[in-house]
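Same chain, two partners: subunit A is paired with subunit B first, then with subunit C.
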Partner chain A sequence: MAIITISRGSSSMGKAVAEKVAERLNYAIISREVILDASHQFNIPEIKLEKAIHDAPGILERYRHSSHSYIAYFRAALTGRMAEDNIVYHGLAGHLLLKGMPNLLKVRINADMERRIQIVMARDGLSAPEAHARILADDKERRKWTKNLYGEDPWDSSLYDLTIRIDRLSVDNATDFICQAAEAEGFRSTDKSRQKAKDLALACRIKAELADEFPNTGVTCEYGNVLIYIKGKEQASGKLTKKLNAIRESTSGIHHLETHAGTAIPPDAV
Partner chain B sequence: MSIIIVSSDVREIEEMIAQKVADAMGYQRLDRGILPGVAEKYQIDPGKLCESLENTPSLFKNLSSRQWRHYLSCMEAETLDRLLADNIVCWGLSAHLYVTGVSHAMKIRVLSASSQGLMEIAEQKKISLQKAEKLRADALAHRKKWSLAAWNTDETDLSRFDLVINLDQIDPGEAVNTIISAAAYRKFQVMTYSQKCLSDLALAAKVNAALLKSMADVKVQARDGSVIVLTKSLSPRKRKKIAAIKELAGNVEGVSYVEVHVKKNILGEAA
Partner chain C sequence: MEPLTFEMILVMSMIGVAVFLFIVEWVRVDVVAILIMVTLPLLHLVSPKEAFMGLGSNAVVSIIAVIIIGAGLDRTGMVNKLVAPVVRIAGDTPSRITIAISLTIAMISSFMQNIGAAALFLPAVQRISKMKKIPLGQLLMPIGFSCILGGTITLVGSSPLILLNDLLTPFKLQPFGLFDVTLIGLALTASGIACFIFLGRFILPQGESTDSGETGNEPADRILADGEKNDFYELSTPADFTHYRDPLVVEDLRRRYLLNVVAMTESPDFKVLSPMPDTEIRSGIDLVVCGEKKNVERMAAAEGMRLKAALETYKDRLSAQNSGTVEVVVAPRSPFAGKRLMDINFQDRFRLTPLSVYRHEETYRAKIDDLRIQVGDVIRLHGTWKRFKALQEERGLLFSIPSDVESMRPEKALWALFWLVLALTMTMGFDVQLSVALMTGALGMVLTRVLTIDEAYQSVDWRTIFLLAGLIPLGVATEQTGAAAWIAHTVLGIIGTVSPIVLLTVIAILSTLFSLVISNVGATVLLVPLVINMAIAAHADPRMAALVVGLATSNSFVLPTHQVNALYMGPGRYRTVDFLKAGSLVSIVFIIVTIAMIALVYGV
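Moving on, here comes the complex of A and B:
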């Protein structure tokens, strides 16, 4: 049926809601296992990936593109999982990493600070000021991360289909809302949406292969026809041609692969 | 048994969703239809009352800051008074900005389908999509400025709402169903305490409207008929101002006790 992403601030009960939704709809639930997938597929230590997707890039990293590469690996692993329907994903920036995915229900859970403090105090045995400071620091880091990489504010509710303030509702109430919304016509999967999901997964896979050596590229894919947009000098590079040939051989699902140099990278490219 | 406050970034959508919810639930409607009655009750200009709901005070529009605050306070007092009746769907009166701390008031924000809405604006006004996007951004910035000036609350801060529904992929009919099922939840049902909070808000708003007719710079809190008024005054006029406030507030129905706290108007005294 649908793919549901649940985004939340830390200690906002998003995990509990995601588990209930998955249980009620009989969907698979994924979160941090995507890190393991990415780590295996791209041979990157888990700890480095985890740091890259949690912490905002530092000044040097912004120039080294390493964070962008790690995000590309993570995104490839995530979209690879999403090629199947009926999934609930609760993790960082699902709504942004899965941008372009059809039948995607984007949910945001907000909780008021008092309730979040109580949760952290009970869970981690901290005092109220310590819990407050930890939540603020975590929120700041997430905000910085999303803004740096996507130019979006994760607290901007217009990015989501449904935003629920959990402190006035129960986990069950929020689950009801989400399950009801998931039944909406706009989130039902069709042959077209499944194809689009496959294409996005393939584009993300190729982008991940290129990200480290060729960061200034954009990839689109339609029915297995892949277009690679290149900025700058890389257009004439024999190294790139070699890399693309290797990708063509090692990646299944590519019907045709074409490069476009010197043209602007379209907004829907990954 | 609840109050549903609907707001949207597009007036037509707000009205359409609110009316559908009211029809489906058999609730009363509360919208800008009350404004002529408010103007008559408080003896204010109906045109300027409508204007004050849209714009901040302006010399060009012959609307002073004091008048503007008074007009908004009249509208607020009347809206809160009518909300006491319960089982109401309210829209168009910015109630989401001043109905605070009332647990049975459910605040809903409905966001227009961004791409479709932009195309409609571009078609209607015969402009490009980029210009339509800029127009919409300007309109949002205008609402933000207005709401911050009026109630010191950012209307575009969506974390204030209990539920935000984006119509990009969700059909309006489905949004209405979601709102209706949410209204049935226990947490949005009237309780003695939440009704008392609303009564206190309504009384404070009535006193505020009565005071703002003849003075500026007042803040009013109410609890069980007792009213506390915070104001500023120059030292020589302090006693006179306290007496005036006590008289005006004491005449409001439901007020049993008035306490006035005056802060020194340091800037005024320096001048």
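Moving on, here comes the complex of A and C:
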């Protein structure tokens, strides 16, 4: 069984597809409730989190790292949910926020522009040019967000396992393709994949705890053995050591925790 | 005072760039020096001949010769032979042992490169620490500091002092003799040792002595790592272990449970010590792991293995007579430095299992294969003693166990001593130029096969050579363009009219601060022309000003930036704050004693 993430441009029928897939496969479906989770867990106002995951960071925010912190909280909440398996997630940049999650089926839904304009016109009561402008603005903002935070273009099909265009293919067709892919061997849940999901959730959790005060760290976790990579410094500061001790005491599932300072942060680190 | 010219601005910019690059370490220090060596003639600040004169300077030749002579002494095992009688004379008390070894290393360091002497003594000090049950942390720092201080006893003891006469030449000042600094150096060494003897309990970390090992019957010369539990557990896998599971390999156990497999049965039925990381754990075999008990129990439960009450199958093979755990320190210029553990591949090349790495107050146990080894790292290895001997022959690692004397040339000890004495006699008795005398000694070592010419070449630290050679033309440019004079007059304008003693003290403090952030050689080259000009302008003795720089740039105790301190930091388990505490006191004493002795000896 898989974890399915459905990414889409605005008004591209992605939500409809996600709901049908979840219903067909009897999976849980999540989207915006992750923001609530993150807000409760890390005591951050929902609106700030929402802004962070929708708007591209401004110039000042890039230096203050606040967007990165909010993303870290969101990611911790999201990966925490994913440890349960058999989930459909349709929200922003699931394929990037859930990077490293095993048995993850990454789907992109695109729709014909005309169709998208029709949807927006009907939903928001706009004229065709207004709807078109809104769609373009939305797409531009999402592209900017993804590029700024992850250096990726969300329209790049190589990021996904499956890209479906809703045009001549209907929502039902899309649902069929996705359900078939979800049952493929490569997306089956195994002991190893469940452990990996658990490790990723733990790494994201710890990263979220560190993001605010120690933005230049990377976290990896393997079977509960947590490594904190510190960028650029020769050794962990007393403040970081104190923080890590507190995390070790308050977070379950950590068998071992050590810091690696002055070594390159590996690409799979959170 | 000359007006500020464009050339002066260029030189000062070059100095600024050099200092900046030394601090940020974007490129290695010797590369910075070569960059300067090439840039100066391109900017027409020096002629091409002057740009490369450093490579043929007396200082560089002297240093090459000193390094070769030191390597020759090392190769004969002479230095190690000194340790036993010294310790016998010293007795058992920590303070007497500290004094005895500190004085010995200071004397040796006065003729050898500091880092060479420090590396030579480290294994011996580790053995003494274990034998006498004195915490290693209480011995290493005083000895390391004494090694640095010993470099001030003769003019060949440290790179700044070797460089000094070359830097005096453009000013036509009388060069210093080999032993002109001896009284000052001896006073500095004595005061440094005294700081630790009388105030050691306030400034040294009060650690615990190393244990003699779990069984308590370890041979005295085999030191186990201190500070970490070193338990071995034997397990067996059931007959259906490999059924319905993905293959499990040795590396998986380390990554998942932080357990190192030190012995296991390989197909068809070979009992193997230090198995390769990709060896599969099969059904119905026995294996021995090293690690914490809680992780062993976790693994046994998760993987379905049976934990035995004690070692059975591997009891003999893993007995203290056959195998053990050793901490090795990565030596300066080690071929292992800069390589990842997975590239070194101890298991395949040497059949030794790396257990952990200690660096800068951190112990690395998880994912150590990706770790890039640095000089001063302490690597814990497990294996048979036979395999450790093989590793020792590779050189580049400092062992706590005695090295195999077969790789040494004790029969050449007298020749090594002869050439050293000859070199000293030539320069002292016959007024032969220091570089010529030392190179004669080095040549003699090669001709009498104390070491081969290739070994001589390999022993030379080219980083130091190019650092020196590259910075000498910068000193020349600073002087020739008048930048040194301009800066000197500007500084004097700021500090006003001061007595010579105060001026020398200011110079000593400046040199100390500079050498903390840039190399001591860099500080010497940049400051000597400057302080000479300052002294001339202030009607003080310029030779003394230069001498203060040459001595004070060795005052590098506050941070573990000096090579000796960096090397001892890992084995001594020191933190930076330990150096700050002890180093601050010793630095202040250093400056006071230097100025006082210069005033006393030279009547300033």
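Methods note: the second predicted complex is superposed on the first by the 265 of 270 C-alpha atoms of A that agree within 3 Å, B and C clash if a C-alpha of one lies under 4 Å from a C-alpha of the other, contacts with A are read in each partner's own complex, and residues count from 1 in each chain.
In this text, contacts are C-beta pairs under 8 Å (C-beta built on N, C-alpha and C of every residue); 3 or more make two chains touch, one makes a residue touch a chain.
Here the structure is a predicted model, which means the values were calculated and not measured.
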Overlaying on subunit A: subunit B and subunit C, fit or clash? fit
Answer with first, second, both or neither: which of subunit B and subunit C does A:40 touch in the superposed model? neither
After lining up the shared chain so the two structures overlap, which partner does A:140 touch, if you call subunit B first and subunit C second: first, second, both or neither? neither
In the superposed arrangement, which partner chain does A:266 touch: subunit B (first), subunit C (second), both, or neither? second
Regarding the shared-chain residue A:169, is it in contact with subunit B (first), subunit C (second), both, or neither? first
Does subunit B (first) or subunit C (second) touch A:32, or do both, or does neither? neither
Tell me which of subunit B and subunit C touches more residues of subunit A. B
Looking at A:123 after the superposition, I want to know if it touches subunit B, subunit C, both of them or none. Which is it: first, second, both, neither? neither
Counting only touches as set out at the top, which of subunit B and subunit C does A:185 meet: first, second, both, neither? first
Can A:242 be said to touch subunit B (first), subunit C (second), both, or neither? neither
Now for A:51: first (subunit B), second (subunit C), both, or neither, which partner does it touch? neither
Please provide the least distance in Å between a C-alpha atom of subunit B and a C-alpha atom of subunit C in the combined superposition. 16
Mind sorting out which residues of subunit A both subunit B and subunit C touch, each in its own complex? none
Can you tell me which positions in subunit C touch subunit A when the two form their complex? 246, 255-258, 295, 298, 360-367, 370-372, 576
Hey, which residues of subunit A end up touching subunit B in the complex? 105, 108, 110, 155-158, 160-165, 168-170, 173, 176-177, 180-181, 184-187
Quick one: which bits of subunit B touch subunit A in the complex? Just the residue numbers, please. 103, 109, 111, 114, 158-159, 161-166, 168-171, 174, 177-178, 181-182, 185, 187-188
For the complex, give me every residue of subunit A touching subunit C. 192, 220, 222-223, 225, 227, 234-236, 255-256, 258-263, 266
